[in-house]
Amino acid sequence: MMMFGYLLASGITTGALYALVALGITVVYKATRAVNFAHGDLFMICGFIAYTFHVMWGMPYVLSLVLAVAAGFVIGALAERIAFRPLMEQSLVSVLLATIGLSFVLKGIARGIWGGKGDFIPFPPLASPTPISLGGILVMPQQLIVLAGAIAVMLLFAAFFKFTRLGKMMQATADNQKAAKLVGIRTGRVYMYTFAVGTSVAGAAAVLMAPITLLYPDIGFVLFIKSFAAAVLGGLTSIPGAVVGGFLIGLIEAFSGGYISTNLQDVSSYIVIMLVLIFLPQGLFGGRSLRKV
Amino acid sequence: MKMLSVRDLSVAFGGVLALSEVSFDVAEGEIVGIIGPNGAGKTTLLNTISGLSRASQGEIHFAGTRITGRRPTEIAALGLGRTFQMSQLFPGMTVLENVMTGLHLRTRASALAAAFRTRGMRAEEEEAAGKAWQALAYVGMERFAHRPGTELSFGQQRIVEIARTLVSEPKLVLLDEPAVGLSVTRVAELDGLLRRIRDERGVTFVMIEHVVRLVMDVCDRVVVLNYGMKIEDGRPEEVSANGQVIEAYLGSGFDAARRSS
Amino acid sequence: MRLAFGSRQFLALLFLGLAIIPWVANPYILYVANLALLYIILALGLNLLVGYAGQFALANAAMFGIGAYGTGLLEVRLGLPYLLAAPGGALLAMLIGTAITFPALRLSGIYLALSTLAFAMFSQWVLLHWYSVTYGGGGFRVPNLDLSPLPIGPDLGIYYLSWVVTLVLVVLAWSLVRSRIGRAFVAIRDGEIAAQSLGIDLLRYKALAFALSGFYAGVAGALYTPLLGYISPEGFDLFQMIIQKSMIVVGGMGSIVGSVIGATVMVALLELLREFKSTQEIVFGSILIAFVLFRPRGIVTLLRRLPGWEEPLSSFDRRRYVVSGPASPAAAAAATGLARAAAEPARGEGR
């Protein structure tokens, strides 16, 4: 029972993070039909930026969080301008290629500035390491903070879409590009903001997660694959799907790792991607049948 | 012999009925036009005949063989050719190579034969080039043979597309708006070309078209679709005078106004 | 008589140069040249699948690994001599490459890319964790190449073996694309629906393209094994995938010569930056972005305009099909009004 509780808590916590990153992927996909391969690496860079602010320069945690998110916003907007917008006309495959390139550039930069292949950078924990008991399950306070933070970000995100003007424009563009243009929405700008928002969400996720795991340059891709699995599982066109998918992947990982073999942790996402794309390409919540991209 | 026989054809996409119990025949050597307002189901009809869409109900027979539900490659092998509304030539090849691709079903060289450039494969390639050249010359486009497909204007590409379909000596060709992008003079020339092909090569045509002049001049019969249903089937003169047809295109108000004036 | 320097001459010169490298270079350069040969094979196979047939699959590095592992394991576990193990490894890669086709048939674009990527990651995981068969992350040594009774040592042996194999594979690919097969591939890439209406069976040709790229990658893997003397999962990872993709983007997609150029350029770059992994990543990533943005068709487009550098998808005698004057029987036959349309100047390139 202890094991189950532990795995459950762990799965939900990491699941919340996958959900956040998957949200970014889905939002960009919905708006542009393209997948940003560098999404995970943008996450990673934000995490390192937060590390620089908080650990290297001693700024308070929350401030570092805010700054990292802001940095994420800016970097996301820049990435969109440089690697994305000019290629949207060409083909979505070009976008993928360019974002693959971007992913490597970001990784190389991170490796150059902060550390090499084997260096894992620790982030100090925010709360005491003594576990709390929640209904018989032992939970680390850090995990609760992460979970709470993730949920807060998701709610903010939902509110942003529902209530702000920009959010509504993003939704409109995502639903029907041509109509959006006709109505006068500057889709180019909207793409930029979509990207930027997607990245800042990833940035927030990075900072939230940094205390519980280690930060290293290759984590970006690992996270991208897992979150992509989550997004695809939920249905690439469904935002609630991304959230559900994220938690599901987190739980699948935790339980397969705990009960079957630790080796299975990484590979479960690969298998999910393959199975979903072959047998259920629209995911759990995606309505439409798979369009040829 | 009936070249094409469509019986009670219905096609549904999701909840939408794109075609509803459409029936008509096409005799050998006829040029039949398919007309109707946008969204009437014309392209769906062509797609279903050529195997790209699935029929939900009904039967299609081509040259005596049942083709309902068969794959597009099989139907093409039986001698049915097709051009597309928005398509262009394959941009990665020259015009001549595009037409040579039309001979795919009439050539047999395997990958191994190609990789090792066997004598049989080389002979087949020369023969294919010769036939493609002749087809291009027949439509008057041989001057562009070695240019990349994209260098031609849209109208010119449509003509080459016809050559590409012709080169495999099909029995029936489905044309989807062949006159799109052509000027008035070129439309007249297309008219002549289609007749020539029918007279000299014995090809039957079924074509979707909006250009009224072409339909009137070249079609032996016209089938009118509206909202997925066939509403008329007859000679061009009869069809154009039919009130229902006018209504379909322009709305009932117009017809009432026309009659009362 | 004009001396033309076209793609054939370029390739001949390149291979001639590569043939004499062992006599003029030190062992390190020999190793790099050998690597270049292998990457040429990899780039060729990938280009056939991605550049010609338009299937944007990201599993090539995995096929490379399967070829290498297959060969090495057949040697080490079953004691097969290299000349039997190598084809075995290559065939294994080809079979697995073809097996991927079936799910791939329904997917395209990004979905194809990411599902094949997932497959590649999955196979890397298998190589890493299936200790009982693959020796896991530590890898394993393979015996030196023994080409007796030929009087040639292992280093020179593997080099010339690679040279011969690469040359053969280049020639085969060259011939293959200049045929109805090449045209079928490009038709599928440029217009799947029209291709089907012309009778081109998508499953068959996509399977062929996947099989070919699997085979080529497998052969490269089989040649890689004796070159390194040692196999581990490391060399077949995501970075490897990026390198291969960059080769064909930089060299030119849909071009045999482009594959060769891209491979040699990238290998040179790779070795120059060998010391600095982070620099490697930044440089490769930037090159990929730059080329996708500014020269997506690759270096070879600069050359294509020159006479002798075109890469047709056909192989007939060009001289028979030239529009001369009215004397040409073909022109005389085209006596319709549409011949006037032919007299219109063609539009400039692009629309």
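Letters A, B and C mark the chains as written, and numbering starts fresh at 1 in each.
Just so we're on the same page, a residue touches a chain if its C-beta (ideal position, glycine included) is under 8 Å from a C-beta of that chain, and two chains touch if they have at least 3 such contacts.
Since we're looking at a predicted model, the values are computed, not measured.
**Student:** Going by the touch rule set out above, what shape does the chain contact graph take here: line, ring, star, complete or other?
**Tutor:** Per interface graph, the chains form a line.
**Student:** Please name the chain that ends up farthest from subunit C once chain centres are defined by their CA atoms averaged.
**Tutor:** Farthest by centroid: B.
**Student:** Measuring from the mean C-alpha position of subunit B to the mean C-alpha position of subunit C, what distance in angstrom results?
**Tutor:** Distance between chain centres: 38 Å.
**Student:** What's the distance between the Cα centroids of subunit A and subunit B, rounded to whole Å?
**Tutor:** The separation of the two C-alpha centroids amounts to 49 Å.
**Student:** Write out the stretch or stretches of subunit C touching subunit B in their complex.
**Tutor:** These residues of subunit C touch subunit B: 172-173, 175-176, 178-184, 186-187, 189-191, 193-202, 208, 212, 254, 312-318, 320-321, 323, 330-331, 333-334, 336-344, 346-351.
**Student:** List the residues on subunit B that touch subunit C in their complex, please.
**Tutor:** Interface residues on subunit B, with respect to subunit C: 50-52, 71-73, 76-77, 81-82, 84, 87-88, 90-94, 96-97, 100-105, 107, 109, 111, 114-117, 121-122, 125-126, 128-130, 133-134, 137-148, 150-156, 159, 164, 168, 186, 188-189, 192-193, 196.
**Student:** Using the touch rule from the top, collect the residues of subunit A that touch subunit C in their complex.
**Tutor:** Touching subunit C: residues 34-35, 82-83, 86-87, 90, 92-94, 96-98, 100-109, 111-112, 116-117, 221, 225, 228-229, 232, 263, 266-267, 269-271, 273-274, 277-278, 281, 290, 292-293 of subunit A.
**Student:** Okay, in this complex, where on subunit C does subunit A touch?
**Tutor:** 56, 103, 106-111, 113-115, 117-119, 121-122, 125, 129, 238-239, 242, 245-246, 249, 277-289, 292-293, 296
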